[in-house]
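Next up is a structure, given as structure tokens.
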């Protein structure tokens, strides 16, 4: 991203004041191994499943942003992100996941991890207990962090790009389109901040940014060791299925099918062939 | 609308149990005068302004429906209505209003009437205090009522159609596209009702339907006499303008400009030439 | 109220910038006729019924304030108001109303007026779409306005106090206890304003204050002419009753019983004997 | 608890259908070690800190229950729990914690764990996206589980009661007062379930109950190993403090002071003397 464009923004100020957390998130081992192409495929598949669940609740958060927007222009922008997440991004995610052996049904039945649940529900609570500015701040580490990560990996790991199984993921988040979306989000935040007293609420907002950044870091950490995560959360025991189960409940058999799939495919955790 | 398609639905049951209210709403004097082409243009202009404000809060209600949807399919449907309202319908509304001498700036600065505020905020409160089914029920009189009204007027008033200044409005809501949207809404309601215990919650839901229908009727009544409405609400005194004013506050100078416009245009309340 | 105590507060700034609206609300004909003791008893009875419904939704708004409070101290304060409204104030309201011939069942079955619905749902929407500061501002005209009105009437109308049938109402809101509550609310607002950027959000907050003040004025206006109100809202047609009807739906037969009561009691609208 | 009283309730049906999860929660190692009096004091202290944060968000959930209640009686009941949690239970918690060397300031500055955050925000999201019944179901495992645990421990571990350092905790939750509160909650749930279609929404509600039960189990698991928890959440790096920090942000220095305290007190993880 063109760092000049947001050098004096409140977003930049957040980053400067959360340097440690921001670095831990954007330079996380998970990210670096994606750049090198060495991330165990089991980790990536787990990430794909969790990210699908994340996108559902991320969409719900943008829906709240529409509800809370102070102007029609703000409503349109939030609605645009909501609409493209639900229709384009999730569809791409399904196609992309299939190439890694994760079916649409795996995605839909994925068991939501504790880290995932904690992050998205924190954002939603922020979205209802605070105003639109609180909500935007809690969403920024996700939207902009992925843009920074994508761009950095595309520049720093160019030499291994051709053989990198995760190349397409890097291309997606380093694409001009995604970079523009991140920049526009920073502009929107800046405008809302100026209208809604961002500077005089800085301390509070900065802590929301910090917490959301840590929750993003937790998301990567969780993906590094999917099996420990799942067993600590102790959700494996549950097998029963409901005919009608709202998505926020439809997580149970995920871990089981996940495990079963690894066995069925003979996958090992060392990143064997995907395509 | 093809009445057979929803003859045994919970929606039909609501209508049967609120026959008086439904008739008062769908056969309101405002509606009949639109059919005859005799509605005073001042009433229609006032309707156009209020309807613009209504669409903003209607969009917010559909955004809540996205947030509250139990499945991704439900989210997509609500998001579709939200997106097309914000981007297509509001744009058409602006173009259509211009032809009646109501500029986009008039729309954006319209003073929200008490009846309008009461209706939309009732729906939003229902949307947050109840579940998705409560919210859907409160939105149905608007979505389906307009389809019934549009279709009936297009059939019953065909003889005066060519000279009717409100012809286009009738065509819009009797169009195949809008009729399909209404039918799909009835289907969605039916599905949600079956999943979320609609029958055993029938009494409560029926009262929400009744109240929303009455609030729709109040909307027409308000449009029949825009000047009484405004003065009873006693908002005319206020002139000051804020640089940044969220849409839910930006209503003050509306009535004034409204009045000024009528004078400027030399309009009388008897429906003189529009185009 | 001791005006010095809040002379430099954001609350005082609101009042200064909404002088016309604040005066129209606090010096409304309804208020003056209460001071003189000349308000038609039908108006006061209608006020008692509507105020009961208002207290229900006012309590819901304070419950949202608990949910949105940034500190435990703020939670406790909002919870205190909530708890005393639900348990003390509503109980007093029931006893007080009985003395004017309005039974608890009349209160519970009162038909919510459009003005009442508009006001409370506006506050609730503000409470969920904005942050705690937005919510507080929208609640202030009610909490503090009643204190100003009560105090002024107790001072200015002392000569007719002994024969004033509404004396007790004036005493309630001019009481030391209520005056303290209003002052504490102003302090809470001031503190929240300083923590959450009140000054830089001033324009937005001022418009919320203005709108809520106008909605309070509309509440008085409605009480001056209960019959017009009810017929314009057109809710009289409905007779059916549900066994289980949530309070936000239980409004239908109210107006009917209201009318019936006036006839049964032989009351006229000119304030004949109450006790 | 008198099991007969709720033998045919929807609550009992939930328990029967989540037998494994309910047992894992109510017979968790943490619980048994409290019964035996062998729980490492570090675990209990960590529990005390996290439980304080939990009570804050638990109160917020009951505030939402007030907002969403369909009748004044329901509002009063939810408000009663809210008020007594904020004023009585939290005050008792502070006094009780002090006896274990955990100061009020430790409680107020405790770093919220991931498990804690996940549980409470799940409940709050349920409370806003669903209706009052969804919210009640998500709160039941906490309210009733503690009553079952308290009663069982008081009966089964009577022989070691006199020397048990956690005796008072057991007495609190086995007290007649707490048992009554749990029973009344079961009755409230039953009534709401009958009014709001609980049986026809059973599948959905059962999954909410299951998820909340698992999240409660996760809470105990987290307390068994406070240090792993904290490091996995990776929040230790943060030292900066804000002057004004809303409670949902005021968690950072907690873990540090926690650690510091153990060192200062020379505590070991094997349950050395408390008083």
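Observations
As written, the chains take the letters A, B, C and D, and residue 1 is the first residue of each chain.
The rule is short, and it goes like this: a residue touches a chain if its C-beta (ideal position, glycine included) is under 8 Å from a C-beta of that chain, and two chains touch if they have at least 3 such contacts.
Keep in mind the model is a prediction, meaning the values are calculated, not measured.
Overlaying chain A on chain B by C-alpha atoms takes a rotation of 180 degrees, rounded in steps of 5. Centroid distances from chain A, each centroid being the mean of CA atoms, peak for C. At the interface between chain C and chain D, two copies of one sequence, more than half of the residue numbers in use are shared by both copies. Comparing chain pairs B-D and B-C by the number of C-beta pairs in contact, the larger count belongs to B-C. Centre-to-centre separation of chain C and chain D, using mean CA positions: 37 Å.
The geometric centre of chain B is 46 Å away from that of chain D, both derived from CA atoms. Chain centres here are Cα averages; for chain B and chain C they lie 29 Å apart. Residue positions of chain D touching 2 or more other chains, listed in rising order: 60, 67, 70, 128-129, 195, 204, 244, 246, 248. On the side of chain D, the complex with chain C involves touching residues 56, 59-60, 63-64, 66-67, 70-72, 75-76, 78-80, 82-83, 86-87, 90, 108, 195, 244, 246-248. Those residues of chain A whose C-beta lies close enough to touch chain D in the complex are 17, 20-21, 24, 60, 114-115, 117-118, 121-122, 124-125, 128-129, 203-204, 206-208, 210-211, 214, 217-218, 221, 232-235, 237-238, 240, 242-246, 248-249.
The touching residues of chain B, counted against chain D in their complex, run 67-68, 70, 128-132, 134, 195-201, 204.
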